[in-house]
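The data blocks that follow each hold one structure.
One chain, chain A, appears in both complexes that follow, with chain B as partner in the first and chain C in the second.
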Partner chain A sequence: MRQFKRVAAAALFGSLGVAMAGLPAIVPAARAQAPAPAASGLLAQGEYVARASDCVACHTAPGGTPFAGGLPFALPMGTIYAPNITPDAQTGIGKYTEAEFARAVREGVRRDGASLYPAMPFPSYARMTDADIHALYVYFMQGVKPVANTVKASTIPWPLSMRWPLIGWRMMFAPSVKDAQAKSARSFADPVLARGAYLVEGPGHCGACHSPRAITMQEVALTSADGTRFLAGGGSVDGWIPTSLRGENRTGLGRWSEDDIVEFLKAGRIRRGSAFGGMSDAVGHGTQHLTDEDLHAIARYLKALPPDDTTQTPWTYDATLATALHAGDVSARGARTYVDSCAACHRTDGQGYPTVFPPLGGNPVVMDKTPDSLIHIVLTGDILRATHDAPSAFVMPGFAGRLSDEKVADVVSFIRKAWGNNAAPVTAQDVARVRKSLPKEEGEAPLPLN
Partner chain B sequence: MQGLAGAAALTSTTLPVHAARSAGESAYSPTFFTPAEWAFLHAACDRLIPQDAVGPGAIALGVPEFIDRQMATPYAFGKLWYMQAPFVQGPANLGYQLPYAPRDIYRKGIAGAATFVQAKYGKAFGDLDAATRDEILSGFEKGDTLFGDLPAKIFFAQLLGNTMEGAFSDPSHGGNKGLGGWTTIGFPGARADFMDWVDQYGKQYPLGTVAISGETA
Partner chain C sequence: MASIKMKSVDAVVIGGGWAGSILAKELTEAGQSVVMLERGPDRSTASEGAYPGSIDELEGNFRHKIFQNLSKTSVTIRNTPDQTALPYRQMAAFLPGEGVGGAGLHWSGVHFRMPPDDLIMRTKVKEKYGEKFIPEGMNLQDYGVTYDDLEPFFDKAEKVFGTSGEAYTVNGQVVGKGNFFAPSRSDNFPLPALKDVYGANMFRKAAEEVGFHPYAMPAANASAQYTNPYGVQMGPCNFCGYCSGYACYMYSKASPNVNILPALRNDPKFELRAEAHVLRVELDSTKTKATGVTYLDRKGNEVFQPADLVIVSAFQFHNVHLMLLSGIGKPYDPVANEGVVGRNFVYQNVTTTTAWFDKSVYTNQFIGTGGGGVAFDDFNSENFDHGPLGFIGGSPVWVNQAGIKGIAAAKIGGPPGTPHWGSAWKKAMVDTYQHSVRMDAHGTNMAYRDVYLDLDPTWKDAYGMPMLRMTFDWKDNDIRMNRYVVSQIAKVTKAMGARDVHLGQRQPGEHFDTRFYQTTHLAGGAVMGDDPKTSALNRYLQSWDVSNVFVIGANAFPQGTGYNPTGMVAALAYWSAHHIRTTYLKNPGPLVQL
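Up next, the complex of A and B:
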């Protein structure tokens, strides 16, 4: 969940003109009552909900103690830091009552009444059940060790540091808990689908990345009942483009089976592709820890989402360019670069060596309308992380130091049109734009050392 | 190793003589070799892999630059070898037993060779014609000449080994300039993928060579 840059900026600037209902009353600091020790079943349930909600992703600094906060979010107007959510009374959430905790998670309101930045996906968490919130609260209060860690103060200068404009954003775009839960309770023929909907739309907050956002940065659809834009592919997150999770044949999950999705969320790698970019974290912290039942529920629910883009012709493998490469014909644009730099792992037939090196032919990421993810991974490389079910990690080297913008454009264009893929070519300007947007250490990657 | 040197030396007698410093005196300035050593190195490398119809020579390939850069590596200081005393000479099958790291071998070897050549020919090695230089190097390779306690054979083997490394290693190390070494021998370079070719028997491999940096030829 690192949509923060855009979310916060829009919330701060965009909602200034919204009529305010008034500043929130400061809630008296009611002390949490000393809790009775929870049953281990409840703690385990709470930990499970925390995994499903991927709290750790944002509330942990790189290399830091889980949940102790400190992950920086660099915004144009300053840097803010994710709060410490361990139960430390002074620096964490130790003083939160369950009601205050529930209000923070589901409504985006801090214990002192201030609004949370919408980096916190409370519009999705709003639909979490009281039972899950209870378990989550018990887990954080009793299952997580308090860590005294004062997170650095935001460097956003006044007046931009004022949080009251966020109230307007919340009022306009975040559903009330009542509405959200009512919507989640809509009827599904299959209880498995209902469970999937809850996990995806609620704690899983998949739409935070995978749904498009409006100019004011709210997700244009928060549930599958809100239309086909839901999970139809989101905007850039740390330079990666989240794909559609709907039924598009080429750019979505149209050709993935329910079992494919389950295995992908569990192992991070299947014969059709491997997790990279932001999805590595989501699999690593979150989905690999879910039960098979819940993963099937998620998968079945996603498979029930019809395509948003209904114009796509079905992908079928086309061997033309593979045959040319096999014969040593590298006359196609980008073909020589592909053979020199990519084919050792992804093969001239574009089928890779799944589940070690993913296929490029028919891979939804490759055919996405926006080529940024493909350009990004060519420039920086990435790590296919170890998961419980697939404990080996594989590294793709970055080619930023080896290939010019023109050569990256050539090879990405080749990949996007070979083996039955039909995505538009890219230009050197596209590559230069992506290269420029990368953090410096990523953009200046050394020669591949694989 | 010595076979190749022999072949190179043999070929060179039948081909036009190239002046030692005509091709490769580039902008590179050595950090290990003195000017006199640098001149010797050029004149010697030029005969080990001469420029000819087969391909570029050691000078055009940047071999002296490669060796000079190599002299700054742990290898050149003997740090990859066991270098504790006692240094007892044993039978050949026990390998190299001298107390000298590659840097020492070059220092002593070039000085010894220069003295040897000056005494015998009254000239610097680099001022001799190609045929004479070949004759001298062949003598070092096969004979029993000693440079103090360093056999000329050892010095020659060191020089030949590093010359070949310079000619045929990745260009990022300073040699194999323009991928000329790899192109000469038809080595496809750092592509690391030949799965398409394992069952295409007898077919000429058509693709040019590629360096780790992505440079192609």
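Up next, the complex of A and C:
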């Protein structure tokens, strides 16, 4: 999810494009008082809320101490760095009172009164309960070791570095805590659905990636009550396209069962597909640590979201191209490349070897209207990360150095067409665009050890 | 170079291969804190097995990327005790591994259970043929364990390795077309057998036709995707043939790296230290208790790691070397015929037969699986009457097409007598590579009084330690066994319709020649048994002399076997671990009282 926020922040600045003078409002804050030592139950609850909120993803530098900040967000006009949220008094959040902490998390206002960049998903966190915020605060103050780490200053030059225009953004697009909580408390027939709504819309901030955004970068819908655009698939996140989490048959979760979703969020791999791109981090840091009850709540809630795109015909397996490949006929566009470079793991019948190598036939990512994720993974490869329940990681090699734009376009078009997928073909220009837009990796991600 | 003393741990495990990984897993499950020391680098599929760079025959099998660095340590070799041994400086006859995964990363994947009669070989031969049948100078021994003792551990190892195969009998009931001679199993293989490649299928039909009993070789190359009891996963084998000498990019060849370590690395009780070269096991003043091990870390610091329990689980001859360097057990003296460490050093007796077919028959030798194929056991173990034949031992025979790649194929060239270069060589390659089938007699090598391991009096390794010396030669009993079994192969190649055949047979009086690859199946040298006069380890692989040292590996085999050793090593590791967990840890001390 960190990738998303880099992009979102970049786009935000691009669209606001402000260059005005002014002073940020300084709000005096009472000095934080050391809270009494918390019961271990409260600490555990706070840690759990931190997992559900995936704080660690953004507030940890690659290879750094968890929560000590420093993850860079490269923007066109400079780089910002995620702050240190360990309870160190000088460099972290040690001086925050619980009220100041709550305001930062839910309203996007720093202790000194300055606005946070909306890379922080406070429009979602706004609906977090006081009890969860309390537990989270106690966890950060007492369960996390203070780390003295002065995060690098933003390299954005003045006047773009001024934060006060963000106040306007907050006022226009971020809900107040009262409104957000009221909305989250809307009535659900099933308490499990209510819990699911809270987790998905609140701490889980799924919409940050999976909901579309307006030109001014706010999510067009923050809850399922705001219409079917909520979680209908998001914009590019480092070249990955978050899929719809709604009921679309082909590109959403229409064919996934509640148990499929639960297992996916736990192990990152099910018979229907494997987590990759930004979702690897979301599963690794976050969802795999949630209880089965909460995962079922999330899954049941997602399964209750009707499709946004109501035009999709149900996907059914079509063996035509698989039969041709099996007979040695590689005349279809991209078929030869597919057999040479993909079929060992994904099979000529497109069914893969789940849950080790995912299927491509019927895979929502493959059929997405925007082919970027598929092009991206063919170019760079990716890693299915180990989880607690599934300790094996699997690496897909990248083909950027071996296949031309034309060949990638051919094979991606083949994959999008075969096995009943019938999604639109892609062009070499599409591939060139994605190839060009791939972010430069900052530090190699550690390779799996299996 | 500093001298460092580490915090004491419950157990230190020497070697990051199969045996070490199994023991480390079992001991951490029992709540022990474990440090595993591996002298080579850490290795993984993501680095060594990264496709497509990893499928490089030159780098893998000719420059030996994941094998032992012979510029640092090696062995010296001679044929007979009256010769001066010389160092083994280039990889050829055998290929020991190095790095996390050990030989378990570069192996092929042939995964057998030991034949029951092989475990009680001395008893069986005496009973069937009389004691006089045993030739002068042959040290024939029993293991001190039976197949029934080991069966649960064979079963466990197969489930951890994701072994593909077809059973013959499960709990005494015939269940399939597996090996007619194999002992009954408590459960089927975890995965179905790999498919026959074409040449193996021809061999299967022909062997059946002449009255032998062909079966699918059990292979730790997964025939389908698989999740083992530790929750770790394997991909399915795609028959690419890059098994032996490579990390499998499909995650389908079992290795400690893929099958065990993912479940260990995150365990806070476990620590793996790579590039830690163990120099010796330290003993207290009584020489009956180990206090820990001394090793060199990657910076060259000498480090002492204290531990209550020491597991010596490096490769076969490194285990023997470490025992000799550490003073654990009495070194073997072939003249006085006393001592046990270095005694009963054995190898494997393998020869390859080639059959050539008409050009209309395509055998596609470039594909294959390291462990799969078709075998028959009619001349292995005690499956046939040795009485009239006058030798001890036997060989399974198989087509184990592991994928003959370009360079290897070019080196093999055409039939014997073909030039190794020029147009005649080219023509022979074109005529034969696609149209031949190779089959092995994969036989036993017995233990002999004048075949042994000891410390070399002349040569030292890069760390200043005396090198291990091998004194090894082929013996008449084993040459005659090989020639007999290979003569039986001729019946099969005839039934296959071969247009020409080269029977690979040992020649009478043939000497061991280190220049040509044979196999890395070295065994013995610190063997298990019931008698401390003829074994270095008791039946639980515990040193008779230093009871908090267990030595796990093929070093424990009293004599050679017709099968590949890994299945037996893994079962012995689980067997030993089981008794450490259930008995030793509760009351440390000798598990066998004399």
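Here, the second predicted complex is superposed on the first by the 412 of 450 C-alpha atoms of A that agree within 3 Å, B and C clash if a C-alpha of one lies under 4 Å from a C-alpha of the other, contacts with A are read in each partner's own complex, and residues count from 1 in each chain.
Assume contacts are C-beta pairs under 8 Å (C-beta built on N, C-alpha and C of every residue); 3 or more make two chains touch, one makes a residue touch a chain.
Remember, it's a predicted structure, so these values are computed and weren't measured experimentally.
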item: Fit-or-clash call for chain B and chain C when the two complexes are aligned on chain A; value: clash
item: Chain B versus chain C as contact partner of A:F357, first or second or both or neither; value: second
item: Which of chain B and chain C A:P118 touches, first, second, both or neither; value: neither
item: Partner chain(s) touched by A:L325 [first = chain B, second = chain C, both, neither]; value: first
item: Contacts of A:A344 with chain B and chain C, given as first, second, both or neither; value: both
item: First (chain B), second (chain C), both or neither touched by A:A393; value: second
item: Where chain A meets both chain C and chain B, residue numbers; value: 344, 402, 447-448
item: Chain A-touching residues of chain C, taken from the complex the two chains share; value: 42, 44-47, 50-52, 224-225, 230-236, 238, 240, 250-251, 257-258, 261-263, 265-266
item: Sites on chain B touched by chain A in the complex; value: 172, 191-193, 195-196, 205-207, 210, 212-214, 216
item: Complex contacts: residues of chain A adjacent to chain C; value: 344-345, 353-357, 383, 386, 389-395, 397, 402, 447-450
item: Contact set on chain A toward chain B in their complex; value: 325-326, 328, 330, 336, 339-341, 343-344, 347-348, 399, 401-403, 407, 447-448
